[in-house]
Amino acid sequence: MSISSGDTAWILISSALVMLMTPGVALFYGGMVRRKNVLSTLMMSFAALGLVGLLWILYGYSLSFGPDIGGLLGRLDFIGLRGVGQEPSPVYASTVPHLAFMVFQGMFAIITVALITGAVVERIKFSSLLLFSALWLTFVYAPVAHWVWGDGGWLAELGALDFAGGTVVHICAGVSALALALVLGPRKGFRDGQPMEPHNIPMVMLGAGLLWFGWFGFNAGSALTSGGLAASAFVATNASAAAAAFTWMVLDWIYRRPTMLGTATGAVAGLVAITPAAGFVSPMMGIPIGMGAAVVCYYCMLFRMRRQIDESLDVWAVHGMGGTWGAIATGVFASVAVNSAGANGLLMGNVLQLGKQMAGVAAVWLFAFGATWVLAKLVEVTLGVRVSGMEETVGLDIAQHGERAYGGALR
Amino acid sequence: MKKIEAIIREEKLEPVRKALEDSGYFGMTISEVSGRGRQKGIPLQWRVGEYRVDFLPKIKIELVVLDDDVPQTVHAINASARTGDMGDGKIFILPVENAIRVRTGEAGEKAI
Amino acid sequence: MSISSGDTAWILISSALVMLMTPGVALFYGGMVRRKNVLSTLMMSFAALGLVGLLWILYGYSLSFGPDIGGLLGRLDFIGLRGVGQEPSPVYASTVPHLAFMVFQGMFAIITVALITGAVVERIKFSSLLLFSALWLTFVYAPVAHWVWGDGGWLAELGALDFAGGTVVHICAGVSALALALVLGPRKGFRDGQPMEPHNIPMVMLGAGLLWFGWFGFNAGSALTSGGLAASAFVATNASAAAAAFTWMVLDWIYRRPTMLGTATGAVAGLVAITPAAGFVSPMMGIPIGMGAAVVCYYCMLFRMRRQIDESLDVWAVHGMGGTWGAIATGVFASVAVNSAGANGLLMGNVLQLGKQMAGVAAVWLFAFGATWVLAKLVEVTLGVRVSGMEETVGLDIAQHGERAYGGALR
Amino acid sequence: MSISSGDTAWILISSALVMLMTPGVALFYGGMVRRKNVLSTLMMSFAALGLVGLLWILYGYSLSFGPDIGGLLGRLDFIGLRGVGQEPSPVYASTVPHLAFMVFQGMFAIITVALITGAVVERIKFSSLLLFSALWLTFVYAPVAHWVWGDGGWLAELGALDFAGGTVVHICAGVSALALALVLGPRKGFRDGQPMEPHNIPMVMLGAGLLWFGWFGFNAGSALTSGGLAASAFVATNASAAAAAFTWMVLDWIYRRPTMLGTATGAVAGLVAITPAAGFVSPMMGIPIGMGAAVVCYYCMLFRMRRQIDESLDVWAVHGMGGTWGAIATGVFASVAVNSAGANGLLMGNVLQLGKQMAGVAAVWLFAFGATWVLAKLVEVTLGVRVSGMEETVGLDIAQHGERAYGGALR
Amino acid sequence: MKKIEAIIREEKLEPVRKALEDSGYFGMTISEVSGRGRQKGIPLQWRVGEYRVDFLPKIKIELVVLDDDVPQTVHAINASARTGDMGDGKIFILPVENAIRVRTGEAGEKAI
Amino acid sequence: MKKIEAIIREEKLEPVRKALEDSGYFGMTISEVSGRGRQKGIPLQWRVGEYRVDFLPKIKIELVVLDDDVPQTVHAINASARTGDMGDGKIFILPVENAIRVRTGEAGEKAI
């Protein structure tokens, strides 16, 4: 097939939108930490734009999307973008340049790494985080992406559906975040209930706004063409985000007050949950999926806090559990009437699909948790993972980066 | 000369300022401080959780006046800053040995 | 007709751009209030993304764009997006999926509700605002959108032109904002001249920048195709924004100094005024329209302040009067040479069009003001509209939302 | 040829992306100045959106892209957009409306003017800056744009390659910034080593994020069609930004610590350097170009500081020298296999191209420096260029704009 | 009555607060200040350069206590704020002539 | 021992700091305050309107010195902070009963 200028425009702008999500995550997280750690938090996401941006074109794309090796990994044929050119790929996205498909996928890899960092803010050593990120991209993200989206990947073959990354991006990031946080241990003072007040909630809202905006590229862009399916995924995405934001706000209200932080978090939870489903379910199904996401993530967050686990910014609760709910909900609500390349779900009488979805979820949970744990331990015994107690007290901005966020005449 | 240091509620700055002005005291220095006392902190929310902020925002007013003016200023502040609830704040009176007006170099009572 | 991938890409990205305008409005307004009310202000816009996002797909779209009932309202055929699918609608936007047209329109509804909130910041009860928003969307926005844009709407039939929402969005929002502010009454201290200094003007600039960016989707997206007309509307939009920003800056300078806040406000005024005209006038006409907008809005704002009306962030002066000027200017500058689906205006010798524009303006003014007044009174007698005096003093962030924007070690 | 809806969608959204870069620059610069000058800094960029936005459609476009006069300038045929309509231009971008091409180019002119302001923050008189900007657009930007991109421009005829503005935008802005800063002199206290700490580094990161995002429009949009070439330029752009951000971070680390400010600066340097090359080199060449950019700009910045030149925010080091490196690198890495409208570079055995690139660089350096110096002197003797010492001490926000950025109950 | 003004490290606020609370002193006022002393400033980075920030962030604690309580409070602060490195801060003791509780108007010792 | 509290213009911090350093006084604590006095506030703009900000940003310098050093420090501040226009600020001198250096626990004159 030949290149469509409309489809290409859509994939390129979608790639740019997904790129913007990484600064969006930086701000979303950066506003939630204490003033002394904001640059460190921003830096962790921003550095992913550099590091993962490079590794992806060097070998990451090939590991994920290269010719299949036993359903598990891609061959290194595309190393250094060899053979990835201005013509469409023979197997992926047949109406856009192979390079466009490659870079769209690259933006997903970058943000997935950035997402994890929410678990480890305010105490991780920056050098260790970089090392971990490189290892994780190679040994966790790339294989999982291949399983689910690679031509011949075993989960794809099995028929597990993941439209835009519910398993690859969100479960992967959320579960790995949990494992990494467990290895790293809690922040000083966390267990004593020392308040760790977010230092800038408008920054969080700005981050959430950019995420919502960028997510249209993430989900509707995953149609890989510009037409009915992209429009359907777009509407489903917005519906789920709206439903989840609203539901979280109501939950907040039932317990206390409707907060900005909660509403923004709810929006993100809704966007996460619709991700695997966006192009497989009818747009109105965004509403139950979003509402469910808010409820699931809300109580998972509560559970996490009760267990005194310092998975600091709730990557597991929002992305891990939101992604899990979304992947399962895909098995419930999917319909071939929406996307003939998809499948019917439980509501259309196909109980099998739900099983496939669960298999996919289980596989990714186990693999991501286990592999991340091993990698984290590896980094721990080599570089060490935490800054010193004194550095933690002083704040990572000064201790690790030699900067402070808000300079001035006096402070 | 005495220095009056009043710690008051943020929202009472306006009335106190006015009360002092009405009593003829215009010059003063204020700053943002945080205080803790009988008034318990406020609970704030953190996504699904809650945390208590111990130190609440207060305004500190610093005002140097002549000895004779102390009762009047204290009264003005006291009356205008009161709500009757915990957290209304405190007024402290400290001795001042001298004051200098930078612009002119004048010292002592003339400097105030 | 069949779906064009180029047109679809353009409408989808335009929808995303218009979505981003709502966080943009949040920041634009949020920077202008006092520190203790910033989250509350952000929340009012952000909540519209949730609430209106849901109501629109549930029934709002159908009320506005459903099959016509006597020129006044749409029938509920499209309730819950029934019949709104991946194929083009038979009557609207024939080259893009019906879902894409629907969601593009939905983003307009969301931002219109968000715009109004500028009138009521720092004192409205959050629950009442939500109730009001839902009522207003249903009883004011939906009918007016039908009149002007709905197939068979009476203003459309009359021939009143509104390319991208000068009447539907801006007059509606601005006039309703005034009515609501009058019911609500001024902020404590407003009449005593207590200074209510904007707490963060860089945030205002950021908001204005995002609005300008998003407005290209708003106006050029309203061409509903990607081609000459979209390009023409794009250029007219930029010309008007530039002219108005510059003119406002000069006005500021004549009276005092050229301010950032004024220049940003001017840009928004220019964007508002070109909205109804963008695709009907030649691009260079953006200059007089923008210059006129700055002058009109500047003096209306002055008038509003002299009358001591606390329509706090000047939604009426900027959107209401800017929209009014733009709608009238459309009747002056329109030309069928630019858009054959439009009409000629006064300058092309068609005085009648000016009359139609004025009729449209008058109808929307009267209806929006009256209906909003009734709805606001309704909310007042049921939930009440204002927070208590104590809550207003403490600030809405803590009082209504249990949060503070800028937490920290001390404050 | 006729209009392609896909290409048009791509150019329109690219124009919007480039527009967003100007608020992006505002924030990038605004975060780096002291609190008392932030509005003034933002205002300098924002005002360019107004001023240059107007001048461009009035006569700037015509000067740059009008019918050629001796290779040096465009004729005024397009004054007031006469003859610039919804149909494609006969000579430029044959598949998109002429208006779209015009506005895309206009966004470049705006940001180029905004870029220069980084050199003169915290001390320039606002009125003088506006006068200078208008003169500079007319007498420096417009001619250079014609030389390089105009139909018949002498550098275009010579065969010097500049895909998206390495010479026109970045060398021009950077070299002019240096000349202007030399005329203006250093900030009070600069030579005494008074610390001028950036007041808000998260704002810098946000600006850099928006720049990176917008740069996809800048570079990939410069393909002027949506297809393989755009995708290739997109990937090269991202590769260079990633490589430069990462390299700068490493350089930072070697000397001290890896900073957020440095990493953001590195990203911008990489984006600058790839600009002239993006559509002429194979995407992987983004890596050496980006790495080179970080090294070149880093040491140029060091040199600038050692020489005690207060070119305050390093427009010369990053844009001037980054652009120079990129223009030369284009002559090294270019390949007709990527773009048949381009040329082969040194690595493909064509040493001549390197010579052409150097000729282009030298011409633009000399002209921009000389002409800017003259214009700056002209402004100096008429309006004066600096604020008074007292105004500089108080800060330009209050002194020139009558505003302060962060108002509040107390400060 | 005396006023204790302690300038401490930011990160010592928590231990000092706790030490004072354990000794029975709950009410206090704190503020963000910047200080300079034997401790040299910190070097921060500016792109390729470096600059030194002379004034470092400190917390100022203000606490009015009865004369008899002075030794105990000073001890509590001193012990909990110390690291042994330069920059630990200072404690100053100033005389206070009177104190008023705004809420009730009570003056003198009862007001504290 | 005395405590010198100087309220000065923001832009005078640098010269005052230098003047004090030249006279041998290095240690000090500063903070951002807002002041009001003879100097009228500044008018700021609000879109089409104007409002007056009553309280202007000032810097407060706190400096504890030995009794004998008071004249010299006051002179240094006074000379370097003066512009001659309204709003130059004030210097207040308060008695201090004791000072403690947290790092060592030293008290009295040695602690300064």
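Each chain gets a letter, A, B, C, D, E and F, in the order it is written, and its residues are counted from 1.
Note that a residue touches a chain if its C-beta (ideal position, glycine included) is under 8 Å from a C-beta of that chain, and two chains touch if they have at least 3 such contacts.
Please read these numbers as outputs of a predicted model, since none were measured by experiment.
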{"item": "Any chain in contact with chain B as well as chain D", "value": "A, C, E, F"}
{"item": "Of A-B and D-F, whichever chain pair has more C-beta contact pairs", "value": "A-B"}
{"item": "Fraction-based call for chain D against chain A, same above half, different below", "value": "different"}
{"item": "Mean-CA-position distance for chain F and chain E (Å)", "value": "18"}
{"item": "Separation of mean Cα positions, chain C and chain A [Å, integer]", "value": "33"}
{"item": "Chain B-chain C separation of Cα centroids, rounded to whole Å", "value": "44"}
{"item": "Per-residue multi-chain contacts in chain B, two or more chains", "value": "30-32, 34, 44-45, 53, 55, 94-95"}
{"item": "Per-residue overlap in chain A, given as positions that touch at least 2 other chains", "value": "4-7, 9-10, 13, 197-198, 200, 206, 256-257, 259, 261, 401-404, 407, 409-410"}
{"item": "Chain A-touching residues of chain B, taken from the complex the two chains share", "value": "44-53"}
{"item": "Touching residues (chain side chain D, partner chain C) in the complex", "value": "3-10, 12-13, 15-16, 19-20, 22-24, 26-27, 30, 38-39, 42-43, 46-47, 49-51, 53-54, 57, 80-81, 85-87, 96-97, 99-100, 102-103, 106, 126, 200, 203, 206, 400-409"}
{"item": "Touch list for chain C against partner chain F, complex", "value": "193, 195-198, 252, 255-257, 259, 261-262, 265, 298, 301-302, 305, 314"}
{"item": "Of chain E, residues touching chain B in the complex", "value": "3, 17, 26-31, 62, 64, 94-103, 105, 111-112"}
{"item": "Chain A - residues contacting chain C, complex", "value": "4-7, 9-10, 13, 17, 34-35, 197-202, 205-206, 208-210, 212-213, 216-217, 220, 225-232, 234-235, 238-239, 241-243, 245-246, 249, 256-261, 263-264, 266-267, 283-284, 287"}
